[in-house]
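Sending over a structure as C-alpha cells; questions will come in a sec.
A, B, C and D label the chains in the order they appear, each numbered from 1.
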Amino acid sequence: MIKIGIIGFGNWGPKLVRNFTENNSCVVKKVADQNKDRLAMLQKIHPAIEGVMLTDEIIKDPGIDAVVIASPLHTHYELAHKALERGKHILIEKPMTSTSEQAMRLIEFAGKKQKVLMVDHTLLYTGAVQKIKELVDNGEIGKLNYFDASRINLGSFQPDVNVLWDLASHDLSILNFLYREKPVGVNATGISHTGNRVENIAYLTLKYQSGFIAHFNCSWSSPVKIRLILIGGDKKMIVFNDLEPTEKIKVHDTGYTYKLNEGKYNIHVDYHKGDIHIPKINLREALNSMTADFMSAIINKTTPVSDFNSGLEVTRILEASQTSIKNNGKEVILQ
Amino acid sequence: MIKIGIIGFGNWGPKLVRNFTENNSCVVKKVADQNKDRLAMLQKIHPAIEGVMLTDEIIKDPGIDAVVIASPLHTHYELAHKALERGKHILIEKPMTSTSEQAMRLIEFAGKKQKVLMVDHTLLYTGAVQKIKELVDNGEIGKLNYFDASRINLGSFQPDVNVLWDLASHDLSILNFLYREKPVGVNATGISHTGNRVENIAYLTLKYQSGFIAHFNCSWSSPVKIRLILIGGDKKMIVFNDLEPTEKIKVHDTGYTYKLNEGKYNIHVDYHKGDIHIPKINLREALNSMTADFMSAIINKTTPVSDFNSGLEVTRILEASQTSIKNNGKEVILQ
Amino acid sequence: MIKIGIIGFGNWGPKLVRNFTENNSCVVKKVADQNKDRLAMLQKIHPAIEGVMLTDEIIKDPGIDAVVIASPLHTHYELAHKALERGKHILIEKPMTSTSEQAMRLIEFAGKKQKVLMVDHTLLYTGAVQKIKELVDNGEIGKLNYFDASRINLGSFQPDVNVLWDLASHDLSILNFLYREKPVGVNATGISHTGNRVENIAYLTLKYQSGFIAHFNCSWSSPVKIRLILIGGDKKMIVFNDLEPTEKIKVHDTGYTYKLNEGKYNIHVDYHKGDIHIPKINLREALNSMTADFMSAIINKTTPVSDFNSGLEVTRILEASQTSIKNNGKEVILQ
Amino acid sequence: MIKIGIIGFGNWGPKLVRNFTENNSCVVKKVADQNKDRLAMLQKIHPAIEGVMLTDEIIKDPGIDAVVIASPLHTHYELAHKALERGKHILIEKPMTSTSEQAMRLIEFAGKKQKVLMVDHTLLYTGAVQKIKELVDNGEIGKLNYFDASRINLGSFQPDVNVLWDLASHDLSILNFLYREKPVGVNATGISHTGNRVENIAYLTLKYQSGFIAHFNCSWSSPVKIRLILIGGDKKMIVFNDLEPTEKIKVHDTGYTYKLNEGKYNIHVDYHKGDIHIPKINLREALNSMTADFMSAIINKTTPVSDFNSGLEVTRILEASQTSIKNNGKEVILQ
C-alpha cells in the first residue's frame, strides 16, 4: 500500500483525493493546505485523512512514499526537490515548473534518486485523446498538417502565470503526445487587462520544419466556454470538441488535392467532403487512469503516459512563448 | 434608372445580378465573364441581360452608369481606374485593392471625378452586424477589450491572395465598423501547404494603444465551417455565431472585476455570470441593403455604410499582415 | 417542350416557378393567383410568364400540357378533376385531397384519361431521405421498430386544415416511402386554440400488426423550429435532423438485447452504444429533382417516386386521424 | 442529528448517501441492499456507514428516525407502510406507489402517525424548474396553452413499470408544480418491444377543461438522449433543454394573435417573434436542496416542495395512462 501525501486542496485537490482514495494500491495519508476552511471541508468528506497546514509535515514524514504537488506553479520546483531529497516519488500538477531549467534539474535529480517523477497532464488519459492518438498512429489521418486549439472561458485568472501557462499547457501536452516533431519557431502575442503583466488573453503559434503548424487561442475572459481542437491530416481531419458529452470526436473524410500549373496565379484545387465518423470513446474518468498510471510507475517501474519529458517539453514551449510575448510577438527559435 | 454593368459572374456574380435586378432604381444591362458556360447560364436565368466576354464592352459603354467589379483582386485597381476614367460609379468587391497605395490612388481619383467609389463589405449590411453596432454604440457593452474572430472552412483556395485577404477581410471590415481606434501593431503568422507561398491557414493579431486586442483565425483547410466572433466589453460580452439561423447574437451579462493587492502574485478577481439576451435581428438579405446603399450613394449622394475608407483600412491592415508573415511574425508598426 | 400552368403563387409557388423554369424539358407558360400583388411580383421576377387571375385561363388553355396545383387543399379535387377532363397532366401539392375518396376518384379518372397524376411530397426527393431509404433497404438498420417525428414551428396556421394535414403529411410521406407495412390503428389527439376547430397542436400515433409504432408531434405554436425524425431498427438507429446544414443523418450503432427470465419482473437487458456514422448526402435541391421526376413521368411514362399511391395513403391516414381526434383519441381501425 | 436509513443502493442510492452525508442536520446510519457488491462499494467510499442486506434492519432499528426508500416501485407501499408503523419519517423515490389507492392510504396513515411523508421529485429542486416556476407565477408567460415534454434515451428498461412511470413521472411532477388545473382526459399509447407487456416507448396526452394540453413522449429505445420541455403561454414561450450545461432555459418573446372573420376558412393570424432571454439559473445540485427540504420538513414541520400531493397526483395520472394504453388509447376521464 503506497502512502500518499497531497500538497494543495484547492480546486483540483478534492478530485485527486477522491481518485487516490478509490485506487486499490494506495492510501491517502495526509493533505496539506494553508486554508483552514479547506481542511475543515476535507475532514467532513474524508474523516480518515489527516489535514495539515505545513508542507513539511508531508515532505518530512517518513511514512509517506509519494508526494502529489497541487500547489501554485512557482512552488513546484522547490517542493519537488525537497521531496525527492527525502526519497519520495513525485507527481506534479501541470505545468511542471516555471522554467525548463528547473524541469531539467528535477529530471536529473529524480534519476539520481531513482524515484518516479511524473507530471499530471490529465487530458492524455481521457478516452478522447487516447482515441485520437490511435487514429493518428494507425495512419488513418495521414500526414499531419495542422493543430488548432481553442481553450477559452471566464476565469480563472491566475496570479503568477499567464493564460498560456494555465490553459495552453493542456493542448501542448496533447500535441506533444500526438505528434513527435519538435517546433522550430514560437510566436506568441497577448494582452493583460489587469495591469499586472499577466496575460489573460494570448495566442501562440508553433512552426515546424516540415510545414506543420500549431495554433493556440487561450482566454480567461470569454463569455462562453470552448474546448475545441482541429487536427488536419492529408487523409482525414479530426474535430475534437471536449464539451460534447459523448460525441467528442468527429473524423471527417475531408480534404483537398492541388496542382500548381504554369504561370502566376495558377493553381487547381479539388475538394473532397465525404462521410463523418464518430468513434465510440472510453468514458472512464481520466484522473482515475492517471492515478493508476502513477501507481504502476512506482510499483512496476513502468513509464507513465504523461512522463517528465512531456512536462519538460510543455515547459520549454511555454517559456519560449513568454519570451515572444515580451518581444512583441517576434519569433523565438528553438533548437 | 441607373444602368449597371457587372464584371465577373463567378460565385458572387449571380447574387449581385439578382439583387441589382430586384432593386427598383437600376437595371443590369451587361455582365462580363471570360467563361462561356457562365454566360450561357446567365442567359438562361436572365434572358434580358447581355453577356459579354470583354470587360471593355462594359467599361467603354457610354450607356452604362455604374460598374460593379467582382473579378479577382489583382484586376481591381486597373479595372476601377479605367472605369473611373470613363466617368462610371464604382462598386468593388472586397478586398478593395492589392495595396493600400492603389486604394488611396483610387480614392483620390474618384474624388477628382466626383464619382461614387464604394467597396462591398457585405457583412456590414447584415441585421446581425447592424444590431451589434447598435449595442456597441449605445454603450451597453461598455469599453471594448477584445475582438476574436474565427472564419474557417474547407475551400475556396484563391490563386492570388492568401486566406487573410480572402476571409479576414470580412472580420476586419466588421471590426473597423464597430471600433474606431486604429491598431498600432500587426502580427501575423501562417503557412502555405500548396507550395505557392499563398497561405491557406493564417493567424492575425492587432494591438492597440488602449489595450484593446483583436485576433483572427482563418483557414481554407478546416473540415468544419466556423463563423464566430467574440467581442468583450467591460460591461457585457457578445457572441456572434453567423451560422445560427436566427439566434445569431448572444449578449452575455458576463464580466469580472479585479483588485491588485500589495505583494507579488496578489490579485483578487470577482467573476459575474448573469442573464443572456438574444436580440431579434433583421433578416433582410444583406446584399439587398448593400445594392440599395450603392444606389442611394449615386442618386442621393449619401455616404455608404461600407465606404472607401473602410476598404482602405482593411487593405492597409492586410498589407501589414503580409509583411509580418514574411518576417516570421515580427510586429509591423502602423502609424 | 412541356407547357406548364401553375395555379397558386403563394409561399410555395415562386419555388415551383423557379424550378420548372430551370428544367430543360419544360417552360412555364402561365401562373394563376387571385392576388394582384403576387402577380405583380411574378411579373418583376419572371417577365416572360403570363400571370392570370382565373384558374380557368390555365385549365381551359389548350396550349398547356400540365397543370400544377398549389392552391389550398379544399380546391385540389375540383381543380384536378377539371384539368384531367381537359387532358392535362397533373401535379398536386401535398396533401393530395381532402378525403381519400376524392383521391381514389382522381386516381381512377387519371387512369381512364391516361394522364400523369402525381403528388408533390417534396421531401422524398431530398438527399437525406434518399440516403435513409438506402440505409433501410440495404438492411443496415435491421427490422424497424419505431418512427418518431417532431415537426413544430411558429405558424403557419391554415384556415381549412389542421396541423396534421399541414405538417404530419410530410412525415407520413417519408414513413410510407421507407416502410411498406400498413398501419392497423390510428390514434390522434389535438387542440385548437383559435376557436375554429382547426387543431394547431396535434399528436398522432400509428400502430402496426408487427409491433412497429409511429408517432408524430406537430405544432404551429412552438417558439422553436424542430424537424427531427428518429428511426429505430433492431440493428441500428437513425437520427434525422433536417435543420442541420450538412450533418443531417446520424446512424447510431446503438441497440439492446433482452432476455425474459422465469418469474415476474425478470428481464435482463444489455445495451450497446457504438460508433456513429454521418453519411454524406446529396445536397441537390429537392424541388429540382421533383420537377425532373414529373417531367420524366410525362415524357418517359416512368412512375414517379412520389406517386398517387403515396398521396392516397397519406390522405387515408390523415382522414383517420381526424376521426380519432373527433372521438377524443379513440383508435380508428384501418383495414 | 436526524439518523437516516436508506433502502436501495443502486443507481440513485450513492447520490442520496453523498447528499445526506453532506447535510449538516443528519447522518446516514445504515444502507440496505441485497447485492453484496453494492455493499462492498459502499464500504469503500463510506467506511462509517453500516451496510445491511435486510430492509428490516433499517425499518425496525429504533435508532433510525427517517427512512429513504430507493428500491423498486412495487416495494414502495409495503416498505413505507411498515416504516410508518414504526414511527419513521419517510422519503420515497418517485413514483410514489404503484396505485393511487396505495398513495392515498400512505398519506392517511402518515397523517395519523404525524410523520413526514415526502416524495422525491428531484427535478422540482433544480434551479431551472425553480426559475420556470417563477416566470410562470409572475405572469411573464401569460395564460398557459400547452406543455410538451420529450424524455428519451437508451435504457434503462425497468422490469416492473413502463417507460411512462419511469420517465414521464419527472415531467408530470414538473407540470403539476407549474400548473394547478387538473386534467380531465388522459390518452396514452405505447408499445412493448420486449414481449413482457412493459411499454418501452409510450406517448401520453392530457386534456384540460380550459383548452390547455400536455403531451409526453418517452422512450428507453432512443439512440440519443433528449430532455426537452416546451411551455407555451399566450404572452411568451419557454424552451427548457435540460441537457444544456448552463443555457437551460430560453424565454421566447414569441406568439400569435388571431381573428376569426365571417365565412368558412376565414382566419387571420399575426405572428410575433421577438427577443429571446436566457435567465441565469442557480446551479446548486438539486438533490442537495431536496435533502435539505426533507430535513426541514422533519425538524421545522415545513411543507416540502415535493410533497405527497405531488406524489399522489403523478400516480393518479400514470394509473390512468396505463388504463388508456390497455384500451388502445381510449380517453380515460378523470374527475
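One rule holds for everything that comes next: contacts are C-beta pairs under 8 Å (C-beta built on N, C-alpha and C of every residue); 3 or more make two chains touch, one makes a residue touch a chain.
This is a predicted model, so every value here is computed, not measured.
Common neighbours of subunit C and subunit D, listed by label, are A, B.
Pairs B-D and A-D differ in how many C-beta pairs touch across them, and the larger number is found at B-D. Farthest from subunit C, judged by the mean position of CA atoms in each chain, is A.
Between the CA-based centres of subunit A and subunit D the separation comes to 41 Å, rounded to the whole angstrom. One finds 38 Å separating the Cα centroids of subunit A and subunit B. With centres defined as mean CA coordinates, subunit D is found 52 Å away from subunit B. The set of subunit D residues that touch two or more partner chains comprises 250, 273. Put simply, subunit D touches subunit C in their complex at residues 72, 74, 145-146, 148, 150, 152, 154-157, 159-160, 185, 187, 189-191, 193-196, 198, 201, 203, 205, 207, 211, 213, 215, 217, 219, 221-224, 230, 232, 237-239, 250, 252, 254, 256, 258, 260, 264-267, 269, 271, 273, 328-331.
Those residues of subunit B lying in contact with subunit C across their complex are 22, 44-45, 47-48, 243, 245. Put simply, subunit D touches subunit B in their complex at residues 246-247, 250, 253, 273-280.
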